[in-house]
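So that you can tell them apart, the chains are marked A, B, C and D in the order they are listed, and the count of residues begins at 1 in each.
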Amino acid sequence: MKDTPEMFWTGLSPDEARKALVNKDKSMRDKTMTLKEAVDTFIHDGDNVGIGGFVDIRQPVAITHEMIRHGFKDLTLSFQSAGMAPDYLGAAMMIDPDHFSIKRLELAYWAHEAFGLAPMFRYLTERGLVEVEDWSNANMSSRFKAGAIGLPFIPTRGPIAGDVARSNRTKIIDCPFTHRPIALLPASNPDVAIIHVNAADKYGNCIIRGSECTCPEISMASAHTIVTCEQLLSHETITSLPKDIAIPFLGVDAVIEVPYGAYPGACRRSYYYSKEHIADLHRRTSVMCKTGSKDELQAYFDEYIFGVDDFSGFLDKIGVAELLKLKKLEAANCERLV
Amino acid sequence: MTVSKDYTAQEIIIVAGAKVLEDKRVVFVGTGLPMVASLLAKMTHAPNLIPVFEAGAVGPHLTVGLPVSVGDSKTFTSASYVKGLNSAFEMTQRGFADYGFIGGAEVDMYGNLNSTMIGDFPDGYQKPKIRLPGSGGASDMAASCEKTILIVPHDKRKFSAKLQYLTSPGHLDGSKDARWKAGMQGSGPYRLISTKGIFDFEEESHRMRLLQTFPGETKESIQAETGFELLFADNVTAFAPPTVEEVRLIREEIDPTGIFVKRA
Amino acid sequence: MKDTPEMFWTGLSPDEARKALVNKDKSMRDKTMTLKEAVDTFIHDGDNVGIGGFVDIRQPVAITHEMIRHGFKDLTLSFQSAGMAPDYLGAAMMIDPDHFSIKRLELAYWAHEAFGLAPMFRYLTERGLVEVEDWSNANMSSRFKAGAIGLPFIPTRGPIAGDVARSNRTKIIDCPFTHRPIALLPASNPDVAIIHVNAADKYGNCIIRGSECTCPEISMASAHTIVTCEQLLSHETITSLPKDIAIPFLGVDAVIEVPYGAYPGACRRSYYYSKEHIADLHRRTSVMCKTGSKDELQAYFDEYIFGVDDFSGFLDKIGVAELLKLKKLEAANCERLV
Amino acid sequence: MTVSKDYTAQEIIIVAGAKVLEDKRVVFVGTGLPMVASLLAKMTHAPNLIPVFEAGAVGPHLTVGLPVSVGDSKTFTSASYVKGLNSAFEMTQRGFADYGFIGGAEVDMYGNLNSTMIGDFPDGYQKPKIRLPGSGGASDMAASCEKTILIVPHDKRKFSAKLQYLTSPGHLDGSKDARWKAGMQGSGPYRLISTKGIFDFEEESHRMRLLQTFPGETKESIQAETGFELLFADNVTAFAPPTVEEVRLIREEIDPTGIFVKRA
C-alpha cells in the first residue's frame, strides 16, 4: 500500500530476544551491586538502550551519569518521550564525542513540555550527528510491548497516514479481517533497559507509584535491565502486596538503591521537578549551540559528573535544602503524609 | 458577565478552547494551554469533564494544582485509573476519548499538523533546518480521538499551503472518507483555535473555514495572515472577549505562577 | 498458508464497537441499580456475553442466577476458562430451553480442574445443541485484549499448528518482518460483559484482588458491562490508591453490591470454594445426562434460583455457617487479618 | 534413602515429574499432578524452583498449601507478580518459562496431545462422541514454553497412532524444524511421563523413545500398551521407585487431604 523503509532490527531481533532469555539465569537471586558494576557489566558499545520514565518523570538520571563517567560509543537510544536522560547523554556527546557517542535515536519526543525544548536534540540533529527514526508515543510504547510479550510486531490504528509512518519501519497492510488498512509496528527489544523505580527488593521485584510509563514493557523486552530505586525493601515487604509489583524479578538484572536517582526530574511520592536545575543545564547547552563554546557545559559536567565518584557526590553538591524543598512539594501533590 | 479589557492572546485561546468542550465528555489533554482550557471548562460550564493524560491518568479531579506535564504527579492524585502510556493510548484507540487537543508548528488547510521538523522531507530528514520535539502523543491523538481541537498561533508561515512534515493527520487531502480509507478512526479536526479566530472544517471539502473572529480581526485580516485560501462560514460572528471572571480564574486560580500563561 | 474458516463477527465488529463507544454517555455518574434492572437493561436475546473470572474464581454467579430468572434466548457465551457461570447457564438450558438458551460458545475450557468435568458442557455438545468454537486461554485472553484496545486483531505465537486454529477464525499469515508464519486472532467485542469484583465505587471504578483474570479486558472490550462487587465503597476510598483500580468507571455501566456474588466459586480475600455445593450441582446434572430425568436438577433450580427473589434469598438458603467457614478458609489462604 | 513399597501410579508420576525439574528454573504449572510434582521438587532438590500459574501468579512460595486451581488464592500469597491471564501467557511467549507440564487424553508418537474431543474432526466437531474440557492453557504452553513435560496415563487407546484432535502441538509430524517452520517457539516435548515409564523424543525423528521403565514394566510390556511403534534408548534403565520420604512428603506435607493424589 506504500513504500516502507527496508526492514532491519536494532537491538535484538525477535528470535534473538527469545534465545537470549532461554539461555538466561532466571533464578531469584541477589542482584544488588554498585551502579558502576551494573553499567560496566550490562552496557556495551553499540548497544540499543531502552530508556524508562516519561519526559521528566522517573528518568534514569543516576544511571546516565554513571554511563557518562564510563564512556560508551555508538549507542542507540530508544524511548517514547524523554527529557533529562537523553539530555545528559546528548550533552556528553556534545562536549566529547570521542568519550561518549550516540549513533541513533528511535523516539517519539525529546523535549521538556513546560520546561521548553532540549537544545541537545537540536544540536545533534541539525548538524546531522545522529541518525533519527521518528515514531509516536503510542508507537514506541507498543513496540516495547510487542518486544515484552514475545511478538515480532503489533498492529496500531495510530498515525497510519502522514510522514511518521514514512520515517520509520512501520508496515501498512490490508487487515485480513476488516479489509481496512492497518499499521504493523516492529517490536523493540533493546540490549539493555535503564529504569528508575520507587521501590525494589534485592531480586528485582519493582513497585512503581504513579504512571508506570512504559517501564514494565521496556524491562521485559530488553535482554538486560538495570534498575535504580528510591528504596530497597525486603522481599517480604515488597511481596506482601503482590499486585503492587509492576516489574517482576524475572525482568531485572541489577538493583541499586539510589535515592533521588531521577533528580532533577520528578519521582512520584518522593520529589517534584527542579525546574531551576533543568533550566541551568539548558542554558549552558544553548550557549554551546549558539556560540560553539562548550566551556559552560563542560564546567557543569566537570563539577557534577566527572568531578564526583557517584550519584551521592552529585547530591552533596545539590544540597539538602533543595532536596527537602522538592520532597515537600511532592508531598503536597500527593496529599499524603510522608 | 463583564467583558475583560485586559487579556492576552493566550487567554482568549484558553477561553475559546474551554468553550468548545462539552460537559461530561472525555478530553485527552495535551501539555500547555489545553490543560489550562480544560481546567477552565471544569470550573465553569463543564464541572464533570473527564480529563485523560497520556502518561496514564484518567479522570483526576485536579484539585492539587495545574500539572506542568502530562505525566505530572498532580495528574495521578484522585485519578480513577493509572497504568501507563499504553493504557492511555489503548483507551483512546478503543474510542474512549471524545476530544483531544493538539498543537503544532505548522497547519495546513485540512488540519494536518507538523511538530517534527522544518526542512526538506524526506531528503533533509536526517539534517533538518530546525528540529522540533517530534510527535509525542499528538499523532496518536490525531488518529484516534473522536474529535480533535487544534491550537496554532496564527501567522502566515504557520498556516501553510504545504507542510514540511505531516506529523499529526487531520483530514489528509480533504477527499471524502480520506481518514477512514487510510485506516484511522475518529472524525478528525473539529475546531481550530488560533490567535485570530475560531475555525471549523467544511463538511464536504474538509477545508478550514472561519467561524468566529477574535476582537480586532476581520475576515480580511485573517486571510492576509494565512498561507492558503480560507473558507468563510455563511455567518462569521465575533467571538466575545473573555470575561473578567474568566481572566481572573486563569490568572488567580488555575495558573497563578505563570507556568503556561505568560502575563505579557 | 492454510484454509481458514470464513470470517464473521460475533458480538460487535471492530467498527461497530468503536461506534458504540463514540455514542455512549461516558460521564462519571451513579450507576448503582438492582441486579434485576441491570440484567433487564443491558442483556438481550441473541447477545454475545463475555464472562469474567477464571474457572471457579470470581465467576459472576449472582448475575447468571438473575439472567436465568429473567430468561434469554440464543446467547453466545465468550470466555477463556470458566466453571460455575456457564454451568448455571448451561443447566438452565438443559431443564428448559424455551426459557433459557445458548446458541454458541467461544471458549478455551469449560470444566473445574480439581472439581472435575462440567456435565452440562458434555450434555449440550454431545447432543449437538450448541455451536462450539474452540480457542486457547491465551487466544481468548488476547481476543478480549484486542477488543479492549481498539484493534481488529492481535498476533500470537500460540497454537498456530494443530486443530485449534482450524476450529476457529484464526488467520495465519507470513510475518512481514520475520517472514515466519504468525497467527492473527480476531478481536472479541461482546455485547455485554458480566464481571464480579472485590470492590467498586458507584461510578464503576473496580478493585480486584488476586488475578485480574481477563476482567479488565472483557469490560473494556464490551459495549456494556455489569459489575457485581463484594463491597461498594466511596469514590474517595477507591481513588485514594488509584493504582489499585483494575477497571475504570469508563468501562462499567451497572454496579451492584452483591456479597458472596461468586459463591459457590471463590473470591480472593473474601471466601474460598464450596467444593460440596459444586459437587451437588454436578451430581444432579450427571443424573440428567445419564438417565434423562431432569427432576433433581429442576429441584435445585426451583429451590435456589426460581424459588428466591434475588441472590440474598439464595444465600439465606446456603446459611451462615457455610459462608463463615469459606471466609475463614480464605483468610488462611491470604495470611491476613480480615 | 529407603525405597517405598507402598506407592501409587500417581505417586511415581509425581516423583518422576519432580526429578525432571532443575533447580532455579521457571516452571509453568498446570493443574493437578504438575502442582504436586513442582511442590515436591521445591521440597527436595529444587528449593529455588520458580512456579508460574496461568491465572497470573509468578514465583509464589506456596507456603499456604496446595492450590486446587491454577487460579487458586493460594497461588497469589507471597507471589512476585500478579496480573492476569494475558500477563502469564505473554511472559511465556516472551521466553520466561523454561518448563511447562501438560496433559491430555491422547498423545501420539511426536508428543502431540488431544484434550478437546473424542470423535471425528472436523466433520463431527459440532457433535463429538465425548467432549473434553478443551485446550485451556495447554496449547499455549505447548507452543511457547521452552521445554514441555507431558503426563499421560498409559494405555493403548491414549497412546494413539493418530489423534482424533490435535490440541497441543508437540513435534507435529516430526520433520526437521517442524515447530519452527510452523511459527512456534520453544523446543517442544522434552519428556513424557506415563504410568509405565519415562520417555524422551529422539533428536532426528522426534519420535517417542523409552528412557526408563517403572517397576514391573519392560520394553515389551510398554510397547504392548502403546498404539504406535516406540523407539528405545540404547540403554533403557529402571526408574528407582519413590522413596519412603518422597511418599511421605506427598501424602503428609503436600496433599494431605487428597485433592489430587488419591490413596487407592
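What we mean here is this: a residue touches a chain if its C-beta (ideal position, glycine included) is under 8 Å from a C-beta of that chain, and two chains touch if they have at least 3 such contacts.
All figures in this text were calculated on a predicted structure; none of them were measured in a lab.
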item: Any chain that touches chain B and chain A; value: C
item: Given chain C and chain D, the chains that contact each of them; value: A
item: Centre distance in Å when chain B and chain C are each reduced to the mean of their C-alpha atoms; value: 40
item: Where chain B and chain D are represented by their mean Cα positions, the distance between them in whole Å; value: 57
item: Set of chain C residues in contact with two or more other chains; value: 150-151, 156-157, 175, 180, 182, 209-210, 243
item: Chain D, residues touching no fewer than two other chains; value: 57, 76-78, 82-83, 93, 144, 185
item: Overall pattern in which the protein chains touch one another (line/ring/star/complete/other); value: other
item: Touching pairs among all chains present in the structure; value: A-B, A-C, A-D, B-C, C-D
item: Residues of chain B touching chain C in the complex; value: 23-26, 48, 50, 57-60, 76-83, 90-96, 98, 144, 146, 185
item: Interface residues, chain A side, partner chain C - complex; value: 7, 13-15, 150-157, 171, 173, 175-178, 180, 182, 184, 186, 209-210, 243-244
item: Chain A residues touching chain D - in the complex, by the definition given at the top; value: 17-22, 25-29, 148-151, 203, 205, 220, 238-239, 242-243, 245, 248-250
item: Residues on chain C engaged by chain D in the complex (per definition of touch); value: 54-57, 80-81, 107-111, 113-115, 117-118, 121-122, 125-128, 131-132, 134-139, 141-142, 145, 156-164, 166-167, 172, 175, 180-183, 209-217, 266, 268-269, 272-273, 275, 330, 332-335
item: Of chain B, residues touching chain A in the complex; value: 31-32, 54-57, 64-65, 68-74, 76-78, 82-86, 89, 93, 112, 116, 121-122, 125-131, 133-140, 142-144, 165-169, 172, 178-185, 259-260
